[in-house]
């Protein structure tokens, strides 16, 4: 069991963004987190990444209790994460961005640079190596973020809508990239709206609504689950059907 | 990356141009005096006033002024008689109250402008650094008004100070209190309120020390940060202690504020003595004359009766600045005269000769424009005959009330303050 | 009895601190931006009052309004010509912009008005009220009372009027405010005008009671920071409460420990505050 | 020995080495020394303010401690002032840690304000503390008791000592830039949250940067007080001391290796020139100029002259140097 979140809750004042959510991920899995906006996916995701400390519950990663560890401790332990809104180092070049990640495992300049170049190669950013991050578009920035996290040699990667807002061709490439990363032995948890990503990549899916897990299982089952559809399309759709018949 | 060379060359050229322009042509018969004063920054007002005083003094020396009588040296003649009527030329620099700038400018005056003697600095911090440079290069330095004791106490042989220092003032006050006690006035305890920079601290320390010798108890000593917005705390502390005499050592704004606040908080001590500076500032009387009747002040400068030499000098100063000569600028002017007299007696611009002449200076009271008992420098360079009068505000003017032999008006004790 | 006198004096001074600090906290609340030249605005308010009294011979009401209006205009101009562009720039240029402005205003005032301390000639407000043995000098009293009224007025304007709500909307969420048809640039320019205007009036009120010179701006600036930090960034009522408290602390510490320590205690309080409770008494985190 | 490649670095070094031989007049030397001092303190500030983006406006606290230590050792124990330099550095490191831990929790304006308040707190306290000469300050040895007092008649020795210190500092910064520490500094400046997610120990790195910056700022302070032979609260901890460091670095280009050097190269001669031309007249034009320059930098060219130059320099040339 690589990652286990046990009855994790997070309250802002009296409002419970996440209520007693459970998650367990084995080494080598790809797990999807889905749910309408404001269902608590991102908050739960931030708890896993160490950005926010859960109010209750425990998070264990590879046997270590990470519940209230700092984000940098999470990264050192091997949990990499990307951001919903890409947070690349705008004034630094692509190479320099990835090197910041590479330095985590390789303190020496040359090793870090070599790993960075390889990672850039892998993620298809070779042509922009010496360009500043701000010259990349959103897809390029998302790809750079993935490259940067990959350079920290994580055992688990948390992707927060890293594949949202891409054109069909870009999406294909991105999915190919994620699959390539997975094949290198990295466990992946994806938060996503784009169903195509969830269906093609995830082997297991959790659905969130109002802060707690309402369904989990194979993607095909969860997508047809009543509660999940209700969560997405809302209660009203029944009345609509009745009126039309 | 050749851009650095371009930038570097441009900057170097600018520097070169800046100073070659300031290179005056060397005239044989001109004696150059470099003067360092704070012409900007928070002491700019005093710097500007002293600058005007020095310019009046140079006019008196360079041009014949028979109307000023024969006693004031170099007045009736044009230029320096012993040097074939050589003229004095002043070179002013503004150290903005910054000690390291004062050091840099002193170096510039000596090496670049090739001045023969130096004068100035006003703030003691700037006097420290500037006099150190003069000592290194062997150029006479006349300290015009800085009060800190050890400016002349560091074993320097090129530094002279014409103005009285803190211990002179303290002894004067104690002698005055002694006289008052003899006349039956109640002087059982005094209070000192001093701003906490070098001026205020050195004078206050000297007073505390002299008071101990004269066994006059100091009820309270209140150091405060200059030009703070509110002084009621200090006045209320005084009101609590009720001393017989309060001595204020403060700059202009605070002096005015103390007088107003004392009236507002209905605190009327028997006597208030202002230690020059703020109380002598031309803006003091118009601001608080009606509230501070009978306040005493120390000053070695008295405008004197119309027709007297001092009155004429004050007229010349007033023509230039529109204001009366204040004590600080007058002390600077007196030091300037003493310096010019020494150069004249030396008969040359050779530093060693000038220094020698300075050590032999022995000006008599009638040769002075100030109320000193003379100008004579001891081996540390301090004028041991510097003294000061005590004056009191009567209506809109300070009048000389002590020592008795020079008094022009009767002492009013206790002071009236705002009560008519 | 003396203690009561010290307390009253402290509160009156504190009220003036509150007035000009409320201007600073308004800007901070709205734009997460500190105006390091705020003290200079107060100083300019004093000089405007002097000019009005000298040239036009106006009374306190006249020069009070003149100071407020002229500083309002300056505030708007500063926003439109400098701050608007700097807001989107790096942190360094945000801080440098108002620092440079402070130096520029202070030393231009040096140049124009020279370094001498000046004070307003005796205006109609003078003398002292004796209320039950406690002496309240009229200038400070008037200044303190008006300062409190204006600060409350500013607060009411912000919370009760339409313009006020628009100002707060922009500070909450600039993007959303734009969607609602509020023009953020105009609102922020207005905020800078109000902030500078408040500083101007505070300057005029202080000019009645205290002498000043171009360099007083620096001490007012630092005092305003402390008041804003204690009161909570962005909260005008917080600034009012904090202003009174700081005035009180300064007066008491000066009386008990000696005037040198009043600034030390205030700054120490400020530094402790920034660490322990950055959002201050009533500010939003 | 191999002829050093003609790069701007070697040209600059050569220029600075021979400057005192061309402009040998003591006054020019004094400007040269003032320039070097300004470049050292601005470059030291640059490590924290430029590279890491933590805009400290209170670096005078380290400069002042460094300046007081030598003269305190001389006044209290009659040691040679330079013996006090290590103490200044140690005090500054302790202060850096004490101040760094709490203030680095703050960001942006908060951090700048906290640094101003701490520097002011120390300045006022030193003004009331008799051990350190309170408001009068401390003086160094007027005349040298020996070579170790470093009270030279001419400024030449100071010039080369200061040049050596500047060279060490720039070399160290150059090395940092290329090491993990330098990358982490720039990452913190670009985005703390992102940096943390990549495992950058942000607080620890910030403290280390502040300590390094404090060491060299303190050294600059010590060199100042040994050369000037005088220090008081205003010239040691005054806010203008901190502001000058910030302006010089920002004018040249904060976060760039040669930024502070270029800034000092322009600002110091300019400041001395305006003081010579207008200073005598007493209009304080120097500070109006200062204020004007800063506003222009902030408004039009936050990246400083470097970024301006990179934008207008010929395209081909810039490609070679973009590494």
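Labels A, B, C and D are assigned to the chains in the order they are written; within every chain, residues are numbered from 1.
Criterion: a residue touches a chain if its C-beta (ideal position, glycine included) is under 8 Å from a C-beta of that chain, and two chains touch if they have at least 3 such contacts.
Quick caveat, the model's predicted, so the values are computed rather than measured.
Shared contact partners of subunit A and subunit D are absent; no chain touches both. Listed by label, the chains that touch subunit C and also subunit D are B.
Two chain pairs, B-C and B-D, are weighed by contacting C-beta pairs, with B-D ahead. Computed from the mean C-alpha positions, the centre of subunit A lies at a distance of 76 Å from the centre of subunit B.
Centroid to centroid, with C-alpha atoms defining each point, subunit B and subunit D lie 36 Å apart. With centres set at the average Cα position, the gap from subunit A to subunit C is 48 Å. In subunit D, 124, 127-128, 283-284, 287 are the positions where the chain touches two or more neighbouring chains simultaneously.
Across the assembly, subunit C contributes residues 107, 110, 260, 263 that each touch 2 or more other chains. Counting only residues that touch two or more partner chains, subunit B has 40-41, 44, 48, 196, 223, 225. All chain pairs in contact, by the document's touch criterion: A-D, B-C, B-D, C-D. Per the touch definition, subunit D reaches subunit B in the complex via residues 7-9, 11-12, 15, 19, 22-23, 25-28, 30-31, 34, 124, 127-128, 134-137, 139, 142-143, 153, 155, 224, 228-230, 232, 234-235, 258, 262, 265-266, 269-270, 272-273, 275-277, 279-284, 286-287, 309, 313, 321. Within the complex formed with subunit C, the residues of subunit B that make contact are 40-45, 48, 196, 222-225, 227-234, 236-237, 239-240, 251-253, 256-257, 261, 263-266, 283, 287.
Of all residues in subunit A, those touching subunit D in their complex are 49, 51, 70-72, 74-76, 80-81, 83, 87-92, 96, 99-101, 103-104, 107, 109, 112, 130, 148-149, 152. Listing the residues of subunit B that touch subunit D in their complex gives 1-5, 7-8, 11-12, 14-16, 18-19, 22, 39-41, 44, 47-48, 51, 91-94, 96-101, 103-104, 107-108, 110-112, 124-125, 128-129, 132, 135-136, 148, 150, 154-156, 196-198, 200-202, 223, 225. Contact residues of subunit D toward subunit A in the complex are 178-180, 183-184, 186-187, 190-191, 193-202, 322-323.
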